[in-house]
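Across the two complexes that follow, chain A remains constant while its partner is chain B and subsequently chain C.
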Partner chain A sequence: MSTPARTSRRSGIRGGEAASGWLFTAPMIILLGMFLVIPVLMALWVSFSDWNGRGSPFSGSVSFVGLDNYSALVGGGGLAEQDFGTALRNNAWYVLLVVPIQTMLSLFLAVLVNRQILRGRGFFRTAFYFPSVTSSVAITVLWLFLFSATGAVKKLLAFVGVNGPNWFNDPSGVLHNILGVFGVQTGPAALTDNSFLGISFWEWLAGPSVAMSAFILMAVFTTSGTFMLLFIAALQNLSGDVVEAAMMDGANGWQRFWRVTLPQLRPTLFTVLTLGLIGAWQVFDQIYTGTQGGPGKTTLTPAYLSYQTAFTNQAWGQGAAIAFILFVIIVVFTLFQRWLLAERKVSVRRMRPYLQTPTSGGSR
Partner chain B sequence: MSTTVRSRVRPRTPSQRLRNLSREQLPSRAIAGRSLLYAILIVLATIYVAPFLVQVATSFKTDGDAASNPMSLIPQTWSTAAYERLFLNSDFPVWFQNSAIVTVFVTLGRVFFNSLAGYALARLHFRGRNVIFALLIAVMSVPGVVLLIPKFLVINQLGIYDTYVAMVVPLLTDAAGVFIMKNFFESIPASVEEQARIDGAGTFRVFWSIVLPMARPALVTIIILSFQGSWNELSHFIVATQSSELTTLTKGVASLASGQLSQGTQYPLKLAAAAIMTIPVAVMFFIFQKRIMNTTDGAVKE
Partner chain C sequence: MQRRNSRWLIGAGLTVAGALTLSACGSGSGFGGDTAATGGELTSDSSQGLNILIGSSGDAETASVNAAVAAWSEESGTDAKVSVASDLNQQLAQGFAAQKPADVFYLSTDALAGYASNGSLLAYGDELANKDDFYPSLVSSFTYDGEFYCAPKDFSTLQLIINTDLWAQAGLTDADIPTTWDELAAVSKTLTTPERVGLAIGGEYARLGAFMAEAGGSLMNEDSTEATANSAENVAGLEYAQTLLNDGVMSYASEIGAGWGGEAFGKQLSAMTIEGNWITGAMKNDFPDVKYTVAELPEGPEGKGTMQFTNCWGIAADSPNQAAALELVEQLTSKDAQLTFSEEFGPMPSIQSAAEEWKISNPTLVAFLNGADYAKGVPNVQGAADVVSDLNAQLESLKTGDATAILDSTQQNLEALLK
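Moving on to the complex of A and B:
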């Protein structure tokens, strides 16, 4: 991404550049060092220590405990492990639903409002983007009202004859509820008897709780506008030639979108998925403002658990350990997705139909 | 799958197909498609806008009215009790003031430091420039939530916990902003500055009076992002302060949501507070709407 280094010029008008270069970047370097690099290193130490929040974490009374904090989380068998497993479960379902839905919705919105001939284009764009500028606190307050026991969503569902759930007070898992409709109340022993990170596989498969589903809807509502803008920008940068050529070849609108437009959007798709994934693993504000992890710990997320463990329970080492595990999870997911979406050579089988047509009529 | 494009080639000449696309000869299918498009757009826009209309309407309702008619857009009896309570009988004005102070200083600071560093990385040639740039990219990838505990540790260690300094200075770290400025400076021609240099202007002079004024579009992007980012920031203030005099809007309204200051649900009060805290970013948005809607960078909410 950096610019190609320029060949050095005559030093006459470029004298003293090294000094000013460092001088200009110094404030930012100092800031980033002081409030990013050093803090992370300090937290890394804390995650290996038994610091309890009193005094300095570097005083003599704080001792090194090795990987104790980490092992309590991933294999301690206690409440810490169970809470961590629950938080991971909750957030994994959140990511699994939010990222694909918001990506598809934002692409859909972008395609809709990107038409050349569309009355009220500005209005529609503004309407879809507006939720993105509001703060997560304000939107959570609004959501708590809309999805409350006497709220608008419940009323709206009642209009169509559905007895809506008690959103933010309902800890039941959505998948469990669906299975419950078919009479499945308890899972097979193979799932209930075995567990991972302190909670049974049956519980892992509970799906997001009804309360978490309200947060999922909120995330889609607030982020789809931002990503819509990214897609609109990308769509406007596409040259019309390729689409025109496809049109000449007789591809209909549906085919043009899937086989011509979408492949060209791959870089933007990658950006949106990456940003979505990074954001969705960091749910904090909404939980802090709205539910504090409840009901029944089903909206607990690793980010909030990390905060709670450190600041409320004063188990700083464990809180820091959660934060670093979360960091690793985010990095791994980003790399995995990068690998998944990387440009690959098209296989010969898929290329064959195109190989047979040497620059046929229509395509320019 | 892969042969569909070819197999459905219709035996028409290009001009015929183009004529079909022109507006005068819209076949009935196209009209139906167009109506469907507008219908979908209107339904979606309603879903996106309605919550905010309900919010404003409810903030003017009485508590009982809000509970019994959560969807109506017109209060049965207009009541400004929520707003009176907020402004005359709570810490709300203090919260607003703190948010404003922090936002102004963070935005000014970021504009200055980001453009300084961006300019150096784009234009000045010095040993270590590429290393700095690589570090910047690495730093950008650290997720913010992971930094909650680390930030508290360093703030505590520096002895600035619960001060304005702790609220403002850590928020000045903005690697993405440096990146935006660097990209912009690279896009403007170097010939202008070289002229000034030959005339004997120093590096800072060239930067301050020649390059910076040219960078207005990028600066606006930084202003929008910083303003939105620091006005809407919550987690940093949770770990940096504890006293009520330093509570910001986000922190204060979050405490309202979890039931302080109120018995019962008091939705009009909470929604009024949330509505007021949305106004500054909304105004910002409508002022710079054209810019926000047209840029590729600068549109990402963190």
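Moving on to the complex of A and C:
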């Protein structure tokens, strides 16, 4: 390293820069440290301790218990493991459905309201964005009314001749129900006899419960507006000449969208998917105000379970452990998705249609 | 590279130091608070006023508790302030963690074991002047590890609520009020019409448990030392409920679009329900036109049975003025105070000496208080709340489920708690 060069640079006219830099960032560093980093570290310690909720977690009576809290959740064989497995199952289905649907819908809406020829674009943008600025608690209450056993959704379905489910009181899994239509009531022994995290593979494959499906619809309804806004911003940043060039090359609207517009939206797509993924794994408000995990624990999520374990059952270490497992899950998913969306060199196979080879007789 | 490493070290060092400082702030007096609770002598720092934290059912309850506490405060000269919690469990937990808890607070049977085992609670039961006046079954609900922790505040039992108009319409008379399981099934059938179901209840252990009690069973033995969840009696109780459900004469409230049994009953979606005495408030406020009567639940194969629910007045081990807190609780559980509470917001007094007067002033609700003689409480071992919520989840599909399998899994979960 070139230490002399560095010191000489510092002693010059820019000498005070580092100090002022620290000074300017200090308020934020202190705030973030006080209210984010330190509490997170304290929670990390709690997840490895036997703290029982009384007094400070750093007092002498609290001891280090290693991975006890974690092992009770992932291999304890008891109710804690079973609840954690159920919560993960529920949330995994929620993520699997919410993230793709909300991304596709928000992109679709963004493309729609971004068109120059659409009349009343302002109105539609506001209308689509409106659910996002409403409090999630208010929307949950609205949803509870809409999807109640005598609610509007059920009546609407009845009007078109469908006997709708009793949404928030129906614990049956959607996939199980679909299989049930084809006469499959119980799974093969290979699935029912083996289990992971305390619940059988057949239960893992139950799909979201009908109650959870109502929450999935709600998440899509509330968040697609926000993400639509991100997509609109990205769409407006795209320069028109690339699209024009594609037009000149004879690409139709469908091809222009998939081959020209969408690849340019990659950074926004990454943002939307990441935010969506994090939000969907952390779902809490809706559960807390809506169903509290019922019916039949099918809307229990790790975030809510963590709260319940700590505050209601006084198992603080276990509650913190759930939170950190959730953290790891989110990080892993984000990294995976980052890898998936990374810019790569175009493969030879995909390149081939664009290459002019002498034997094919030249370009058309 | 060196420089970068040392920066990281400084950063980490600062963070740890900060964490320690924060935690030191949080613990306040630190470790000193414990000594008083274990020493046997109550703390009595009279310079400190009392904070009372309640989970109120509504304005009537808040006003009533406020008035009672204010009266005591004036008489004793100790300051006392009542706060209403929006989330009682969470606020209590925060107080205990900071070692600055409310001095006196509502405490449910579910939460007792957790707080008692971590030393947050003062076990003051044996020092109460009116200790022997409480119903023994309530005392055992608040006894943990052999110690009577806190004074039962009041209690409720489940009984059968009947819509008198619908009853008469169906051609039934007072003589038809069911006293056996067969009679209950018969009248439920008579009362079931295309518009409404005969009997609607909440689909949870806290209601279905009454059938288990009538069959002579309960989830755990009296002092919560042994799990008895999968006994033949409990299976019989659940199977009876299952029959009613499958015959279409009983429904869960949620299935017919109501949040709880009282709502189904008030909206006349059902002609009968099984609820506790809190239903009287709901009927008065929300459904004043529905006329009803309260009857004791029918006898099962093992005689009468029902469930009881109760809360107590907890006192914090970290309270600086436990002596005054104890005096306040004695005052709040006295006969006069409890009869006033009962008049103003409806709970039943937890002491036997108030029973006669209560029955005279509430002649239509006598059945609820009669239930005290044979009611069973909910298990109070640590973690029981989780097991019950797991049981509730399974009971939601009791109609198509297997009662024995459901109770077997509950038995297994309860046994795990006792290890």
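To be clear about the criterion, the second predicted complex is superposed on the first by the 332 of 364 C-alpha atoms of A that agree within 3 Å, B and C clash if a C-alpha of one lies under 4 Å from a C-alpha of the other, contacts with A are read in each partner's own complex, and residues count from 1 in each chain.
One rule holds in what follows: a residue touches a chain if its C-beta (ideal position, glycine included) is under 8 Å from a C-beta of that chain, and two chains touch if they have at least 3 such contacts.
A quick note: this is a predicted structure, and the numbers were derived from the prediction, not measured.
Legend: residue contacts after superposition of the two complexes on their common chain; A:P171 is shown touching chain C, with no touch to chain B. With both structures placed on the common chain, the touch criterion links A:L112 to chain B but leaves chain C unconnected.
After superposition on the shared chain, chain A has more residues touched by B, the comparison being chain B against chain C. In the superposition on chain A, contact of A:G183 is made with neither chain B nor chain C. Shared-chain residue A:A320: touches chain B; no touch with chain C. Contacts of A:A43 after superposition: chain B is touched, whereas chain C is not reached. In the superposition on chain A, A:M247 contacts chain B only, with no contact to chain C.
Of the two partner chains placed by superposition, only chain B is touched by A:A233; chain C is not. In the superposition on chain A, no contact is made by A:G66 with either chain B or chain C. By the touch criterion stated above, A:G161 is placed in contact with neither chain B nor chain C.
Overlap of the chain B and chain C interfaces on chain A comprises residues 1, 34, 37-38, 42, 56-57, 148, 150, 310-311. Contact residues of chain A toward chain B in the complex are 1-3, 5-6, 8, 13-14, 16-22, 24-25, 27-29, 31-32, 34-40, 42-43, 46, 56-57, 109, 112-113, 115, 117-120, 122-142, 144-146, 148, 150-152, 154-156, 221-223, 225-226, 229-230, 233-234, 246-252, 255, 259, 275, 278-279, 281-282, 284-285, 288-290, 292, 303, 306-307, 310-311, 316, 319-320, 323-324, 326-327, 330-331, 334, 349-350, 352-353, 357, 362.
Across the complex, chain A is touched by residues 1, 14-16, 18-20, 22-24, 26-27, 30-31, 33, 89-90, 93, 96-97, 99, 110-111, 114-115, 117-120, 252, 254-258, 382-383, 385-387, 389-390, 392-394, 396-397, 413, 416 of chain C. Every residue of chain B that touches chain A in the complex is listed here, in rising order: 2-6, 8-10, 12, 14, 17, 23, 37-38, 40-41, 44-45, 48-49, 51-52, 54-55, 58, 66-68, 70-71, 113-114, 116-117, 119-122, 124-130, 132-133, 135-137, 139, 141-154, 157, 169-170, 172-173, 175, 178, 186, 194, 197-198, 203-204, 207, 228, 231-232, 234-235, 238-239, 249-250, 253-254, 256-258, 265, 267, 270-271, 273-275, 277-278, 281-282, 284-285, 289, 292-296, 299-302. The touching residues of chain A, when paired with chain C in their complex, are 1, 33-34, 37-38, 41-42, 52-61, 78-79, 82-83, 148-150, 166, 169, 171, 293-297, 310-314.
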